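I've put the structures underneath this note.
Consider the two complexes below, in which chain A is the common component and chain B and chain C are the respective partners.
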Partner chain A sequence: MASALRPSHLPEMDLQCPTNLGDVFRHISNGAQLLAGGTDILLQASVRGEPNKLVWTGGIESMKEFDADSDFIKVGASVPLSTMIKSNAFRDGAPAVADGAQSVGSLQLRNQATMVGNVCTASPAADTVPGLLIHNCVVATIDKENNKREIALKDFLTGPGKTNLGEGELVTCLSFSRLGKNQMSAYQRFTQREALDLAFASVAARLEFEEDGQTLMTVNLALGAVGPTAIDASAAADILKGHPISEGRLDICADAASQLCSPISDHRASAGYRRQLIRALVGDVVRQAATRYGNKK
Partner chain B sequence: MLDMTPPKISTIADRSTGRARYTSDLVPAGTTLVGIARSPHAHANVLSIDTSKAMALPGVLDVLTPEDFSGVALGHHIADEPILTDRVRYVGEGVAAVAAVDEAAMIAGIAALDIEYEVLPHAIRVDDALALDRPIHDNFPDNVARRFAAEPGDWDAEVKRVTHWAEGTFETAAVPHAYLEPRACLVRVDGNELELVSGTHAPSMLADQYNKIAAVWGATVEVTTPDMGGSFGAKWEHPTHLVCLSFAHRLQRDVAMVLPRRDDMIAGRTRIAMRIFMRIGATADGELVAKQTKVWADNGAYSLHGPSVLLAASVRVDNLYKFSAVKAEGQLIYTNNIPSECFRGFGIPQSAFAQEQLVDELARKLDLDPVEMRRRNAVGEGDTSVHGWEVTSCGLEDCLDMVRDRIQSHRNDSGLVSDGRFKIGYGLAAVIHCVSNSGHDEATDISNIIISVDPDGTICVASGEVELGAGTAEVLQRTVERELDIKRGQFRFVLGHTSTGPFGRGSFASRTSFFMAHAAIAGCKIFSENCSKLVDDLGLETNASIAEIAKLAAQKGHAESLKATAQFIPENVVAADDHGYGNIASAYTFAVHGACVKVDTLTGKTMIQQYWAAHDTGTVVNYQGAVGQVIGGVIQGIGMALSETTAVAENGQLLNPGYLDDRVPTFPGMPNVDVHFAATFDKNGPMGAKTIGEPPVIPVVGCIANAIYDAVEERQYTLPMTPEQVWNSLNTKVQ
Partner chain C sequence: MTVVNTIRVNGVDHEIPANWQAKRLLDYLRTELKLVGVKEGCGEGDCGACTVLVDGEPMCSCLLLSGVVGGREVTTIEGLPREYLDKFSSACETHGGVQCGFCTGGVAVMSSWMKNGGTETGVEPVSKLLEGNICRCGGYQQLTNAIADIN
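After this line comes the complex of A and B, so read on.
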């Protein structure tokens, strides 16, 4: 153990702001860490004293791309959450992702934070991840040899703070599917405080109705903050398929979802309580998505 | 010579537009920076400190170690807190300090220190501390810093009349003070003159204490309080001040230290966490007869105000009701937690959490309305309470009526009703509080004022009290405007500046406005008389204004003869005896709070729908400020009630050093707070005023607990009443 705790001041930092990818990779190979919005990394640096070499991707034109109108919504690594939230096309096309983006921190943080950053930090409680999972998010990467990969988000996230990004590889953008016909989605989280808080548990749901607008055809569920990464819990929703939404079936689904997760106990919440929150949230989110669907029709 | 110009005291507009200048704004670029090497261990002997590598680093100017402060300790009651320690008693305690030319050199200097520890067994819970085979302070072998006991009334005789008891064991949390401005200090130096610039609620007391220590170095200390972002009881004596004073004196350089939030919390102070066993006995017709209290208070590593907070928590809430007999005992127990300190409410929110729930429970048992229960038993004007408080005015009835009526209308009109999942509940709680506490330190419970005339004819009003953001300056200005019939701009005022202002005790025990305004009124009277005497000499008409007289007096060289000094010392108050008995204050305030909550039985989350706060403060001098104090206190209380705590790992490390996980309330989710003031006038108060200060925070926890019970019929025994905790209380029976 060190002789003394490190004072929690930010270390002196070397910050590079290149305008082309080549320079980004050059700085990475010199030991710089990627900086998107900085809302996680600066906190980390003030506690640990590192990283103190950063390369900002906000100067790269191609990473500022944000296309919310296509069938696959595409967002570059430098787009702040608040820019996305202002887009009607995004909010209508991926309501669960928009709900998550809107939940992050405060307005000031959302003006700075990016969705790619939220994904790459790989916090189990990341607010945008459950929504992205049920919207079939694909992560696009590039490395210094110009090799490009497209990885499903569920494979990209491998554990708390862990992704399968290779060394010298960076995420350029995320794409995720727009809602199709007769579909709706929603995301809710449980926090102790209404603002500036972390989810103790969160759930995103995407519903697809039959033509009658009542009977559920497919249901996708994703759970956040109750496992090493967000969990695809769609299997728990089988009971809902082929029926209109009923409290009885929702209860069974909620119980099943709470059994699919593997929460930890920490100073924020116990594992048992997090399971209970999943039970409560599954019903709330499915009902919210159904209400939204009804309002849209 | 140091330039001892007093700092400008900002207005509310300055504070809300960013023009206010806090300590960190006053630190010039290039100032020598100080950092503290903090222990990673909860309990350890420091065997050796090798400073050679640190001293050899470029930019490191000086290193201080425990030896440099040998024999020096802080502590208002028990001098037990070293400046730098060779016996670590909590994670984050300062072991050594580094002064350096910049932040990077300071951090590198701390990292280069080689400190060898002998780790000792530690205790973070009071039960563990009582069982610890190694005392935390060698001269307190059982780890009990202070014991308290009181037993007024004939217990054995009175309990025979009791037909119904309510009892419980309650646990409260070590809530951080959560002031907006983290601890910061700047020390200016010239030879043996030192000026400590730092936000503190007690600058005169600090200067007194630090001068005793600095005298050994041959130095003198003045304290300047610039704009400050809150204290709530936390910001006064602190080892970091002395570290900075010492460096400045040794190096003959101005030095500064501005703590990051995280470090401020690790090395901070907290509210005293308590376990309180309480039982209250009543007769069948609802008379509260007897009350027993046992307090186990977690002192943390050092005592600070712990002993007097223990006393307050053990008996002060008793004064609200006409108990015939009381049995109270308490112990203040050293642990290896962050040192606790007084915090707005001074231990009383903790015991009010217990008392107000038990009174509620008795009312239910006896099928009495909780308002009626309190009305029947509360003290009133002319009464002397069970611990000797003499009530000279009481607006409790008015407060009870207001809260009862508002709750009734809300029940009828809000449309809120319980359903299968969400339960609606209403609760209320009452409080009595003292205006100052002379028992705490009779000799210094005074306030001074000096009114003088500047060379340009401006009237200068200097008080020894301090503006900590609560509206002190506004009260002073209004008092002077009224008493001297002058306008803003025709006078300036000085607060919290020991070099040019007089002595004042500072913001303790909700005393500031009461004491300061009394002194100001007396001073203004003398100043007016001095002005009248000069009218003829100056060749002015007898109806000349005070401002005119001062202007002309300055021009003609008579300014000195106008100078007025006055002092307020409360009459008919005494220091409480060892058992907490005595009329400790000139006046007592009352309040009743009410809350409507909605509890989600699926998650245990409590959502406050509406809040009512009725206060008897005597004459309201500064309405906007008073409303602000009430709303601020209620929201602070909501944090204590529902979400705030310190989470400590088994190794003693603080797990939530920041406002993400110490959940101070945010605006979303906060209820509307309906504020009401009772129409009372206290003969002992300046202009009939009493105080606002602490009372707004005190009843909140009990009030919300009662509302939660009303909603879900489960008593809440532990703070904070987090969603998980409430959910557990609803589900323990099932499991």
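After this line comes the complex of A and C, so read on.
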């Protein structure tokens, strides 16, 4: 290598680019890890010196599927986030998931990074996860014996960096529900700078209104970056049901949500600060979803 | 079985040698093909100095393995039309968009994509599209103005 170059920190690696699933499983048996967009795993390889065997999923035709028009939006494991974001049917059908997708990294990274990669990295701060939770996301998997499973996302994520994928099992696609009639959703996060930064805290909300378009029938809430995995905080929103949105009830809901989370203190933010952020974000996100609903009507 | 490992860079086909398959596209372009207009700022996907177009879409070449780009078309700053580069540089001159110049190659590639109608949602301002290009000299407003001025 030319000496003028700063050396890459990537270890010497073996890369396989198969075009069928059988070969993918064969490489996994030989110790290879899955490579989708690479925006998490290549960084990890530079920092830790491993994995040094990778098998790329981008050559597998069935993993390129993206269907945003059905009642369940379906996205294959090698579809880049930007392909999804460019789809009006996706942005209209799952606004909270789209908000999350649009806040990942930067435009360049979204052309590479996949939603399945975002989920499988299982970072507590993953931006697409809270939206996926309130859109009832199901993770579809397959293993080398061709056994298939469908796992609710909330059961799939088991801890920071941990999923309940078995040995030699991989994710084929994610499915999540489109907004129904009288529904709207939104996701917001708090970061120090707008792009290229990870959430200190984040909230996704899905509202369903009565026919009058004012009274809330159901509210789903999910909190990100304030626990080992994203947290389903829908219980905190019970107080909102059966009433039009009011500041008083929103305050109670925001308080309850901030009690449900278990944030950590680290170099980025203290636990107390994260709790405060949740309080503020819950109100903001519910109001944003309601405004969007009003604009759509 | 391996996916095709020929890539077209700036209009010319290259066989990616086996020992380059699992190395970064950034290093392949700079070292093998001597396309040193592609810069390494951070090597971690943050700065955008290494931005190239892959099948017309901007990506960070520091987070792509060469083998993965097999069968696709890559454009670096060296492959942008001379006429566009002239417009870009005169806009930067007018608006003071270049200081040390390290980020400039990545920004030129990004801006050419924007000028070819590149967008995610169809409504973003230049500043949002430029979110993945960090300029340590701090010339964001100047760069945004320069890009807006190119027709």
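Points worth noting:
Operating definition for what follows: the second predicted complex is superposed on the first by the 289 of 297 C-alpha atoms of A that agree within 3 Å, B and C clash if a C-alpha of one lies under 4 Å from a C-alpha of the other, contacts with A are read in each partner's own complex, and residues count from 1 in each chain.
The criterion applied here is as follows: a contact is a pair of C-beta atoms (placed from the backbone, for glycine too) under 8 Å apart; a residue touches a chain by one contact, two chains touch by 3 or more.
None of the values given here were measured: they were computed from a predicted structure.
When the two complexes are overlaid on their common chain A, residue A:L196 makes contact with chain B and with chain C alike. In the superposition on chain A, contact is made by A:H9 with both chain B and chain C. In the superposition on chain A, no contact is made by A:A126 with either chain B or chain C. In the superposed model, A:G59 makes contact with chain C only, not with chain B. Once chain A of one complex is fitted onto chain A of the other, the partner contacts of A:Q276 are limited to chain B, with no touch recorded for chain C. Contact with neither chain B nor chain C is seen for A:A225 once the two complexes are overlaid on the shared chain. The partner of chain A that touches more of its residues, comparing chain B with chain C, is C. Look at A:H267: by the touch rule set out above, it reaches chain B but stays clear of chain C. Legend: residue contacts after superposition of the two complexes on their common chain; A:G49 is shown touching chain B, with no touch to chain C.
Chain A uses residues 1-2, 5-6, 8-9, 12, 46, 194-196 to touch chain B in one structure and chain C in the other.
By the touch criterion stated above, chain A contacts chain B in their complex at residues 1-9, 11-12, 46-47, 49, 190, 192-198, 267-270, 273, 276-277, 279-280. Considering their complex, residues 1-2, 5-6, 8-10, 12-20, 23, 35, 37-39, 42-43, 46, 54, 56, 58-59, 82, 85-86, 91, 102, 105-112, 194-196 of chain A touch chain C. Interface residues of chain B, counted against chain A in their complex, comprise 35-41, 91-92, 95-96, 103-104, 106-107, 110-111, 113-115, 260-263, 266, 600, 602-603, 605, 642-643, 647, 649, 655-656, 659-661, 663, 665-669, 722-724, 727-728.
Contact residues of chain C toward chain A in the complex are 1-3, 21-24, 26-27, 30-31, 40, 43-46, 48, 51, 54, 57-60, 63-65, 67-68, 70, 110, 120-121, 129, 131-134.
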